[in-house]
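Each chain gets a letter, A, B and C, in the order it is written, and its residues are counted from 1.
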Amino acid sequence: MDIISSLLTEHYNATIVFFATALLGLSAGLIGCFLVLRKQALISDAVTHATLPGIGIGFLLSLHFGLNDGKYLPLLLLCSAITAYLGAAAVQFITNKTRLSPDTAIASVMSFFYGLGLLLLSIIQNIDAGNKAGLNSFLLGQVSGLRIDNLILLGAVSLFVVCAVVMNFKNLRLLCFDKNYANLLGLKVKTTENILLFLMILVICTGLKTVGLIMIIALLIIPAITARLWTERSELMAALAAFFGALSCIGGVYLSSALYDLPTGSTIVLFAFALFAVSLVIRIIRGADA
Amino acid sequence: MSMDNTIAPLSVKDLSCRYTRQNNYALRDISFTAKAGTITGVLGPNGAGKSTFLKSILDLLPHEGSVKFFDGTLAKNRQKIAYIPQRSSVDWDFPVSALDVCLMGLYPRIGWLRRISKAHKEEAMHYLEQVKLQDFAHRQIGALSGGQQQRVFMARALAQQAELFLLDEPMAGVDQKTQTLLFDLFSDLKQKGKTMLIIHHNLQAASAHFDHILLLNQTLVAQGAPEQALSEDAINRAYSPIEA
Amino acid sequence: MLDQFFIIDFPALVIVTLASILCALLGSFLVLTKQAVMIDAISHSVLPGIVVGVLLSGSFSILYVMAGALTSALIAVLLVYVFQHWGKIEQGAAIGAVFTAMFAFGVLLLETQVGSRIHLDTQHVLYGALELTYWANPFEWSSMPTQIKTLAVLLIITVVFLLAFFKELRLTTFDPTYARIMGYKTYLFQITLLVLISLVAVGCFEATGSILVIALFICPAAAARMLCDQMTSQLLLSMFIGLFCAVTGYLSSALLPMWLGFDMTVNSASVIALFSGIGLIIAIIASPKYGTFAK
């Protein structure tokens, strides 16, 4: 009881940061697991960068409607989710309907949307209205600004993500394993793909402000490939990916506050990467013995 | 067909191949010799290691055992050896024309830092003519039919003045008419004393077109003349699941 | 007015021209070998190298920065290779893991005390600062901005390399297996291309930011890919598309807000990226042979 009360009083902010990032890491790891299994990890790169114009548009819209000095979070999140979806759709379109390969689709969509986003942000910097401070935090993240309402939002999102994944697990696994076979079995492939995309966008948009644009990509990919090194079974891999995601966030947050004032987003990513590196070394050693 | 050429274009001894860090072999103890001026068919079920076999011979995969080309190593005889890749491994959208691909066979002779001259192009056209593709020389390779694409790669091999042709599933996804056309081309080359090693998936067609058969399933199940290597017993052994 | 053009817009235009040509030429090879995401990895991974380069030299010395950036780009490529081959991880995921981690490391260096001791703005590296380059007197050779010199040297090296080994590059990119059997050292070409790409990425993004680099590398090359079926036309066309998008993009960013009556400066790097993307969109829609409405 003493610990809990001290957590709630003395370390109130730190506690919020711990739980919020851990929840984010958990849901990102879980979703990332399926992206990696589908060999589409870098789609998250394009989709994440595609959120940026949405943030600009959301800012301008909420400014127009006079909401919270331009930083009305629901509108920002909604707009960034819409442009993120457009980014994903553009990658799909280029890959399926043109002769260009998926990697080219990802790189071009990513740079186009990011350019658009930066243009909007640079226009916003010129406007004499609204509270622009903190818009940049979407790029590199800002953990220290987390409040109880962010924690509640992240909690709700993670609960939703976990439930959605558990309910659709069989379909998701089949989709990752063999899309054509899934089609043959009468599985609604398109629906399952859209569910996965929707969950990914949800995680990315809620995670943006916490750890930043680049770091959310890392949280989607690194815990998932770390889990892949430990197991071949998909249920276990999903659970492990969620675990590694949460662990990376907790470890990163702890390290960044324990050691001087390291930027939290970066520390989380590097912690996740260290977990991956250790796992890889262990796997190589075990592999050599076998 | 003269049999005086005593030097075998290809002789493989105890070839084994396993992927790194795994103990199970993908291929085991394969020995065989291809005589000059013959067509050898490599047959076997999916996953039998046919492509692995070809790639090990060409040093594209790590392997054990020895492979001898003509009188020496691969490095010494590169010019004489032509490899025609599996259809699925080629990027058919790549911006090259039939002529461009055929010209690649001449690159070693053109040499470093030299440009492709008109004479080189004419020479390449000559080889395209031999496979009856002169009218398609400037088509992008993706705009050719499956059979024409195979013939472009054959023309490249001819341009290289190869003696030994290694073909990975040239008949995959090619219609019956084109198959006949390609087999005609192969027997034509055979008349000129060239040697071919062809991975093939169709057992029925085998007897008619091949002089020698290698029946593979991770190890050499049978080899010899078609009627002998393709006995019912051998086929059953090759196509039944291997016990662990 | 004219003075201002020569001092500010002229050098920026020279940089944009050189950068777009270089990126399009090398980007074509990335697009052709289906390695477009590699530039994403490289452009993010050079960040820690740049910081270390600046730290070691004590100032923004171009040689140190280039050496640092090249080292970290090569480390990134090596890590991707190791993860792919030893960890059996798919290339995309390996790239994603490496570039985010390297970038995070770079940010970490910048944002801690290490970074505060040096004069390097995160924003500057990420979004470029074309607007900040100036050429005091364009008629005077010695005052030429270092960025222009760097890019010019890189352009000469790249063009000489491409001209000298054009046919070998065509062979090794189209059919690496055949090239290997023929005795060509395909990896040497791959490594040389990657080294050039890393150097160009740094040379450009010091001027234009890391995102514009990706747009200039990939979008014009992809647009050319939609339009033609020959290697030479691929290279030339991507060069022209890149050049056109970059120059019109820069000019729009510099002039359009003023003409429209707004008193603002917009980030020109982002407009150039946007225009490159629009160039690709037009090519995808309107290509006579491979476009959405063709056939």
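In this text, a contact is a pair of C-beta atoms (placed from the backbone, for glycine too) under 8 Å apart; a residue touches a chain by one contact, two chains touch by 3 or more.
Because the structure is predicted, anything quoted here is derived from the model rather than measured.
Participant: Taking each chain's centre as the mean of its Cα atoms, which chain lies farthest from chain B?
Facilitator: Checked the centroid distances; the maximum from chain B is A.
Participant: For which chain is the distance between its Cα centroid and the global protein Cα centroid smallest?
Facilitator: C
Participant: How many angstrom lie between the CA centroids of chain A and chain C, rounded to a whole number?
Facilitator: 26
Participant: Using CA atom averages as chain centres, what separation in Å is found between chain A and chain B?
Facilitator: Between these chains, centre-to-centre, one finds 48 Å.
Participant: Using mean CA coordinates as chain centres, what's the chain B-chain C distance in Å?
Facilitator: Once rounded, the distance between the two centres reads 41 Å.
Participant: Residues of chain B that touch two or more other chains: which are they?
Facilitator: Touching at least two other chains: none.
Participant: On chain A, where are the residues touching two or more other chains?
Facilitator: In chain A, residues 99 touch at least two other chains, as defined above.
Participant: Multi-chain contacts only, two chains or more: what residues does chain C have there?
Facilitator: Only 34, 225 qualify.
Participant: What residues on chain A touch chain C, complex-wise?
Facilitator: Residues of chain A touching chain C: 36, 39-42, 44-45, 94, 97-101, 103-104, 106-108, 110-112, 114-119, 121-123, 126, 136, 139-140, 214-215, 217-218, 220-222, 224-225, 228-229, 260-263, 265-270, 272-273, 276, 280, 283-284.
Participant: Can you tell me which positions in chain B touch chain C when the two form their complex?
Facilitator: Residues of chain B touching chain C: 58-60, 74-75, 78, 81, 83, 85, 89-91, 94-97, 100-101, 103-104, 107-108, 110, 112-113, 115-116, 140, 142-143, 160.
Participant: Residues of chain C touching chain B in their complex?
Facilitator: Residue positions touching the partner: 32, 34, 164-165, 167-168, 170-171, 173-175, 177-178, 180-183, 225, 228-231, 233-234.
Participant: In their complex, what parts of chain C are in touch with chain A?
Facilitator: For chain C paired with chain A, touching residues are 31, 34-37, 39-40, 44, 83, 86-87, 89-90, 92-97, 100-101, 103-105, 107-108, 111-113, 122-123, 126-127, 211-212, 214-215, 217-219, 221-222, 225-226, 262-267, 269-274, 276-278, 280-281, 284, 290, 292.
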